[in-house]
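Letters A, B, C and D mark the chains in the order given here, with residues in each chain numbered from 1 onward.
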Amino acid sequence: MLEKIQTPMIIVNFKTYLEATGRKAVELAKKAEKVSNETKVFIGVAPQFADIASIAKATKIPVFAQHVDPVKPGSYTGHVLAESVKEAGAVGTLINHSERQLKLSDIDEVVKITREKGLISVVCANNPNISAAVAALNPDVIAIEPPELIGTGIPVSKAKPEVVTDTISLVRKINSKVVILCGAGITNGEDVAAALKLGTQGILVASGVVKAKDPYMVLREFAESTKL
Amino acid sequence: MLEKIQTPMIIVNFKTYLEATGRKAVELAKKAEKVSNETKVFIGVAPQFADIASIAKATKIPVFAQHVDPVKPGSYTGHVLAESVKEAGAVGTLINHSERQLKLSDIDEVVKITREKGLISVVCANNPNISAAVAALNPDVIAIEPPELIGTGIPVSKAKPEVVTDTISLVRKINSKVVILCGAGITNGEDVAAALKLGTQGILVASGVVKAKDPYMVLREFAESTKL
Amino acid sequence: MLEKIQTPMIIVNFKTYLEATGRKAVELAKKAEKVSNETKVFIGVAPQFADIASIAKATKIPVFAQHVDPVKPGSYTGHVLAESVKEAGAVGTLINHSERQLKLSDIDEVVKITREKGLISVVCANNPNISAAVAALNPDVIAIEPPELIGTGIPVSKAKPEVVTDTISLVRKINSKVVILCGAGITNGEDVAAALKLGTQGILVASGVVKAKDPYMVLREFAESTKL
Amino acid sequence: MLEKIQTPMIIVNFKTYLEATGRKAVELAKKAEKVSNETKVFIGVAPQFADIASIAKATKIPVFAQHVDPVKPGSYTGHVLAESVKEAGAVGTLINHSERQLKLSDIDEVVKITREKGLISVVCANNPNISAAVAALNPDVIAIEPPELIGTGIPVSKAKPEVVTDTISLVRKINSKVVILCGAGITNGEDVAAALKLGTQGILVASGVVKAKDPYMVLREFAESTKL
């Protein structure tokens, strides 16, 4: 999977924000693509399920689902099938975001399904211990996000740098290959640079970009800051 | 909402069947549209979230989501927002399918959300008592499906006609307007005619159409049988 | 079931408050029993599972579980079996409390199980519509508790009397026998009297009693107020 | 915590079996205590919540809850509080049994709570990867149980010895102290001896004891076989 992804990487989670739903999701994805083309930094977007296909058609940006269910094709009304998001154009998926947490065995199952289907798995974790637990499941990417900082504008890299360094240290004892991102509270380039300086390989961001007055400018600043 | 829907009505639930995912979902929806045009019978399809937009673009058939979450726009990663499926082209949604059951208060919340957003609510129920409970929440449509018959090819209208008639009787004491469908085990026109004869106003079907050798022919037979 | 219960009734939910855990749960139950003996008002207590047996041994007060799972005896580790709480001494159970909500079909299943096992079912509901839905499932008791008022000290009978009267009106159209309680925010006798004046047959209370400086005095006031 | 527990250890999960509910739960616990006294092998029992106190009073056998919720004292109706099961007499708890699985972050939270409260944490895991993930959370005990073998009478130590040895190998890379049990399908002393020979430090058993014609004899055989 890793040949498809580069580090540093930035993933923008569109959540269920109206500013990133439907037509606006496509517009935002185009801005992200523009920044990626201009800066040569890997930027992925994670829109709602119903917007995956439109974004995949309108752009070449890597698209991630926000969640995939631990199910195979069959009688699972209302579930999110890996095959479905892949055919719609997704290259990967977030898993276990703090707003959509899974049972441990379901995380394991979804990671396996993504591996079989050739999708990039980005598993979110709340703290260093949980990150280490996730590392044992061998996903492609771990994103550490202290839930208490999500949406606050207080970046984990500043407020709790030890959360990031402890995560890296615990994860690396178990898994030398997994890409480590951090998230929560990132609003400017300085936060991004700080995150990378602490040893992460990128960031997962949501409101900091989606709710920004000028998402293009913010993302551009983020991307440039990965090069500092 | 009811001006948008006609009875008798047929809704085809695509579940997460591979035969009804991605490109194949669009093809199946086109067949359903053809039958609807030829027979003038209301046929809706309920594909996976990622296929709603493609089907809505490729056809004029009414598209239903398979599920909507009880959330407003905001920080809800991996959730299904009513606004999102509506902008993608859905005219309604299944709610509380036996494979995606909800807490009672969430059913109430989603029914309210669909009403605000102008989406048709189709709430599934397992038995007559539960159908009566659902009727008190004032959805547009109730679909009674005994879960033990789903996918069996044994139609509820034959195996347990009293489930259907009890449902109608209990529901009508509480709610005179809601459209009542029945589902589970329907595979041929005879089953459809039996369901309507018992007093329902249509059917919810999945494998009987999706897994059929010739879905067009089966749906055509279903549609004709609503006129008997 | 109704021969076992009297109205007006007061049920005290011990939640997982430390003030009502273990030895302190037994003490609190004894105070409730004292008030019940003195006032001849029906008072039940709903302690944590592990305290049911001790309270049932130490008092004659009616004990309710706070929750029962929709399972039969068998391979269900960590579940709460109706048979188990009954043998421990419970005479009934809360179901679907807003802090322990259930899928609609599970509420139906648990109500059926309690009926089979001779346990009093007290189903909680958030609003009038949901109360009406619950009424269709024929429990013994419905407790309407607007979750936004729980623990606030603002009684529903004052803040939202129309919630109570709408509930009574909707429920009675569907079910003439079910006992209707109201809860949330009740802290003094005046609130209790107001609740009964609106047409309820009792109250469900938690912090108003458990966290009171003198639970005996508060309960005594509650009980007396049911006679006004 | 480990000073309280000895290895080899046997834990008998009473599940919600009627044969191990209420008065019968106490009787079964007494048999287990007798075997433990006679053989000097550590035997714990995990009864339903409502039976913890009675067993703790009637015996000196170590009692485990079957589950604890990730909550602190407060407004959590129907939840299982660590403080409550501890005061009732439990010395530990099962966590994440395959019949009561938890979100990853909740496992982490419950392990922390048990540590704070001085309870022994026994976290169940479905497969070697999940066992390794659990090991990163530093519980006292891990019990590996392939869910497909639970209740079958086919012991994992025979059917899938590599599951056990892989688990031990993966877990030990991450955590050198955690006690490793295996479970599922164990019905006789040979199975127990096989489990220990593969490197585990004991077993988690349910129907093999609870549903046995003579639970005392079976447990006695199990205990003796840990000495082979």
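The rule we apply is simple: a contact is a pair of C-beta atoms (placed from the backbone, for glycine too) under 8 Å apart; a residue touches a chain by one contact, two chains touch by 3 or more.
Note that the structure is a prediction, hence the values are computed from the model and not measured.
Asks: So subunit C and subunit D: same face meeting same face, with over half the numbers shared, or different?
Replies: same
Asks: Which chain is most remote from subunit C in terms of Cα centres?
Replies: A
Asks: Just give me the whole-number Å value for how far the CA centre of subunit B lies from that of subunit C.
Replies: One centre to the other, that is 37 Å.
Asks: Between subunit B and subunit D, tell me the centre distance in angstrom, where each centre is the average of that chain's C-alpha atoms.
Replies: Chain centres of subunit B and subunit D, defined by C-alpha means, are spaced 44 Å apart.
Asks: Could you tell me the distance, in whole angstrom, between the mean C-alpha positions of subunit C and subunit D?
Replies: The computed centroid separation for subunit C versus subunit D comes out at 34 Å.
Asks: Residues touching two or more other chains, restricted to subunit C: which are they?
Replies: In subunit C, the residues touching two or more other chains are 98.
Asks: Any idea which subunit D residues touch subunit C in the complex?
Replies: Contact set of subunit D toward subunit C: 13, 15-18, 21-23, 46, 48-54, 66-67, 71, 73-81, 83-85, 87-88, 90, 94, 97-100, 150-151, 206-207.
Asks: In their complex, what parts of subunit D are in touch with subunit A?
Replies: Contacts found on subunit D: 96, 98, 101-105, 107-108, 125-127, 129-130, 132-138, 170, 173-174.
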